[in-house]
Amino acid sequence: MNIYLENVIKEYEGKRIVHIDELHIKNGALYGFVGPNGAGKSTLIKMIAGLEPLNSGNIYYGHKPKSNPPFEIMTLVFQKPYLLRTTVEKNILYPLRLRGWTEKAMEERVTELLKDMGLSEFRNQKSWKLSGGETQKVALARAMSFRPKLLLLDEPTANIDPSTIAIIEKMLRKANQEEKTTVIIITHNLQQAKRLCSDLVFMHRGNAVEHGDVEKVLNHPTHSLTQRFIEGELIVD
Amino acid sequence: TRTPPEEAPEQIENPSFILATTTSTQDSGLLDDLLPVFTEDTGIEAKVVAVGTGKALQMGVDGEADVLLVHAKAAEEAFVANGDGLKRFDVMYNDFVVIGPKSDPAGVSEKAPNNVIDAFTAIRETQTAFVSRGDDSGTHKKELSIWDSIGTIPSGDWYVSAGKGMGDVIQMANEMLGYTLTDRATYLSMAQGIEIIPLVEGDERLFNQYGVIAVNPEKNEMINAEGAQAFIDWILSEKAQELIGEYGISEYGEPLFVPNAK
Amino acid sequence: MGEIILGIEEAFLLLISFNKEIYGIILLSLYVSLASTFFSTIIAVPIGTALGMRNFKGKGILIRLIYTFMSLPPVIAGLFVFLVIMRKGPLGHLRLSFTPTAMILAQICIVVPIIVGLTYNGVKEKGNTIRDLGKTLGANNRQTLFLLIYEMRIIILAAVIAGFGRAVSEVGAVMIVGGNIKGHTRVMTTYIAMLQNMGDYSKAIAVGIVLLALSFLINGILFNLQQR
Amino acid sequence: MGEIILGIEEAFLLLISFNKEIYGIILLSLYVSLASTFFSTIIAVPIGTALGMRNFKGKGILIRLIYTFMSLPPVIAGLFVFLVIMRKGPLGHLRLSFTPTAMILAQICIVVPIIVGLTYNGVKEKGNTIRDLGKTLGANNRQTLFLLIYEMRIIILAAVIAGFGRAVSEVGAVMIVGGNIKGHTRVMTTYIAMLQNMGDYSKAIAVGIVLLALSFLINGILFNLQQR
Amino acid sequence: MNIYLENVIKEYEGKRIVHIDELHIKNGALYGFVGPNGAGKSTLIKMIAGLEPLNSGNIYYGHKPKSNPPFEIMTLVFQKPYLLRTTVEKNILYPLRLRGWTEKAMEERVTELLKDMGLSEFRNQKSWKLSGGETQKVALARAMSFRPKLLLLDEPTANIDPSTIAIIEKMLRKANQEEKTTVIIITHNLQQAKRLCSDLVFMHRGNAVEHGDVEKVLNHPTHSLTQRFIEGELIVD
């Protein structure tokens, strides 16, 4: 799904949190959003999901501009994932039920996802008894369950162990390639961005300071802020 | 146990006693009129607890009240006979009236303007709505005795047993366009807002005698026997009797109670 | 104090007597308080939920007003409903006075603010999170509302329990609009008030104990729903 | 319906009349309901908080019982307290019957279960998190309790508002133990009930409006505390 | 502070979650706890903090064995940090107030911490308005504010940007070296463990499978599970 952002401005208490002149998320690409804490990444991704009102500007989804995010075919995993107060299985089933999947199809899909993510033994576990990483994995499995065309992920592997990260990256890559799912992933892990993404957007104080091909941005940043960030320096001006 | 000595002076400083009475004496405003004078005359404060007749008598039995002012003569006499009260004195009376809608569907004002037996018979025959106190109060006891004298235990949809105070029952009868038996004082104090009117009155069977009884002070050491006696003496006095006789004239054009202390 | 012991004894006797009148009173009590709680819930939960999530001008005042109506004296609620449904009142033609329906209406006035207030208060903290989750997973508005209610069930059921507690125990409103008519609108609380006023303490306590026992049953059911 | 308009008018007249009696009634109402809410809060908040965080055998039953006592009919609470404090009752020597103190006691019986139940329900969700945080930052038991109450203030104050609402509006308990004695134990609700019984609807409504206005003020204060 | 664990067992619903025969946390060391999701790291660290009861076994703090964790001089940062519903400043001040610091000392310490963490502009911000990383930084600043002798950190930098991670690691190293603070940090970032820690504990399914000097464990793991984990393979048996 193509997404266009046009003059998007978001302010809190008079302070400008996000300010994007123009940004085009290409259909089928795998975007990484990086940038320091408080840069506005989560706010931006929530605006793309239509969950935060804009102060001004427009966001268009798909070919024909329309301004309601089509959640039938897209979804968002929050930075602090919220699991429903029920079992792991029922959490993952929920979006499938909403979409009227058959019992058999649901059963298969859940089993597959749980297995892939190494969660099989937690199928009937109550969600509030999971560990931090398990919680994040369930939220991700739930989001991927219905094979969305657009996947917005806010630091989805922050609490996940390296081996599982590898699996998840493989799943994302597969969804991207085989099902043409457009993915936007916010991450602080530049290695991950490098491994996973086709495009990179570097955000700083609400602005998309730099964007383009991932190799290009990481290896030849044009903006000094980007450069310093990549070199791991402190960005406090 | 003895009363702690330090409480004694307080007792004298602000002497007060509990007067248990029925809602009719309070709601009619009579006590509001009388008691300030009593306090002025005697320096004693009366605390009025207005409850149902049944509860007032029960409070006497329990020794929770010091003096009773109620209107259920038979029950009062039994109360004294049981040793729960000292002696019963007549204080005043008013009368009961049968009130009902102006349209008078049972035709009681035609057939029996001053014969409650015939009136009740007509109401029963026509099965017109009749709202009963249904709460074992003095008024309820009076009503039951009338039904009894025509050999009826009333029942059926037309007979509404409310289990509420007099004021509420008058309002219910007003709302349901039904009949009820009420003491005149309560009726007069409410007559303004309602559409039902007295249809049967003046029958000697509708006589409503109020009595005063001091609770037996042997019930417990907290009973204020002196206060109770002072109240009885006062309310039976000429002065108080006169005040009772005058009460209501200015507002309703007629007295609400007729004093008849001997 | 002897009355309390006596009352407990009498409560048993009442229940095993299978007296038609007493069972009628119990059933009517249950019918009136459950119906009013049910309709109040249907009205109040969506309102409380919406209030917890929307911001608009004058919301602060509205919330304060709702909290204020948690203090609505039952007698006033009863009087208000009575004036509306009385023969001369605007809805007089419906002939509702002294009927169980009127009692339900009056109790709804008392219970709705309680459930709205408590639901609002619970929802405002994580209501938005849950709504956003519902949306992102593809729930439509109706489905999102159900999701919200499901996730907020602990808070909502506590609100409903508090509302039911108020409905089943109040006497002022049902006394006025119902009239405590024997065999017709007499419920446990009006019966208790009447017995009390007649000085029959132990029987009043007996009925009170029966009321509490029933309430224990109902709350048990609600509590089990909540713990799911 | 005219009575309602009249009632609003009369409410103003009552207030500007500066009638000593009516102000006495208002002040006593406030005193009794605030005092009972205050003591109930002191008793109930720690209990509700502890229940929300501790697990022990029989807790399920205890919670259900507390929920049940949210349905305690005020008349029964009043009767119970009356039987305890009556002259021949176990606390008869304290001479509490027909005093404001007795009214406060009876209301505490009604309000405590409400505040306990609602506090428990709110605390159980994140109480442990906050307690653990307090501990790890070095708070002792008392400091941890304060931290809990501070963090739970939204829920606790809603519970207190619900409890106050019940206290200020109930008539059954204060009528029995207080006796509605003029100039001594007459409060707004007993006055309303009496006026209602006398058929003086508009004055009853007037007093009801004054009661709601006062409650609005009190709730405004509590609400502001909550929003901090 | 020395900590000894002896036959520590923790079970949930009959399932053994943690089982440590013996573990000695050396005073003044900087420990990394690593291992896959659900290994029991958070449970273990909460048990060390005395917040989870043990099913059996003992934990001793300091030289003299005593079994109550001394929170005057130690603290824990949770995996999901909880900030008090007030401002950033008041959050950081809270432990200092509990310890009766003077206004002046508190003022200085807060200013210093906010500056170090790049949070100065958020001093009076309400805690629920912070971004994910900002929240984590405040929780960490609050924990370090009173210069504890033992710092238990559960994935404290999971949501923090690389430049700030560098600063935080520097602060931890400084506390460890200058104030002899013993640190236990749970992390999924093996690079971080390598940069920061002196000792490493590798956990797997509740067991401390391997522990020892960080270089030794990372470069020459003796246990095949450790080896596979380090190589980033999936550990689902």
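By letter and in written order, the chains are A, B, C, D and E; residue numbering begins at 1 in each of them.
The working rule: contacts are C-beta pairs under 8 Å (C-beta built on N, C-alpha and C of every residue); 3 or more make two chains touch, one makes a residue touch a chain.
Since this is a predicted model, take the numbers as computed values, not measurements.
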Neighbouring chains shared between chain A and chain C, ordered by label: none
Chain pair, D-E or B-D, that carries the greater number of C-beta contacts: B-D
Reference chain C; chain at largest CA-centroid distance: E
Farthest chain (mean CA position) relative to chain A: B
Inter-centroid spacing, chain C versus chain B (mean Cα positions, whole Å): 35
CA centroid of chain A to CA centroid of chain B, Å: 80
Chain A and chain D, separation of their C-alpha mean positions in angstrom: 50
Centre distance in Å when chain C and chain D are each reduced to the mean of their C-alpha atoms: 18
Of all residues in chain D, the ones touching two or more other chains: 196, 201
Chain A residues counted as touching two or more neighbouring chains: none
Numbers and ranges of chain B residues touching at least 2 other chains: 165, 168
Touch relationships between chains, expressed as pairs: A-C, A-E, B-C, B-D, C-D, D-E
Touching residues on chain C, where the partner in the complex is chain D: 1, 3-4, 60, 63-65, 67-76, 79-80, 83-84, 89-90, 114, 117-118, 121-122, 124-125, 154-155, 158, 161-162, 164-166, 168-172, 176, 188-189, 192-193, 196, 201, 204-205, 208, 211-212, 215-216, 219-220, 222-223
Chain D partner contacts - residues on chain B that touch it in the complex: 1, 18, 23, 26-27, 32, 47-50, 62-64, 165, 167-168, 170-171, 189-190, 193-194, 219-220, 222-223
Residue ranges of chain B touching chain C (in the complex, touch as defined): 51-52, 54-59, 61, 134-137, 160-165, 168, 172, 175-177
For the chain A and chain E complex, residues of the former touching the latter: 12, 35-38, 42, 79-80, 118, 129-134, 137, 154-155, 158-167, 188, 190, 228-229, 232-236
Chain C residues within the chain B interface of the complex: 86-87, 97-98, 175-176, 179-184, 186, 190-191, 194, 196-201
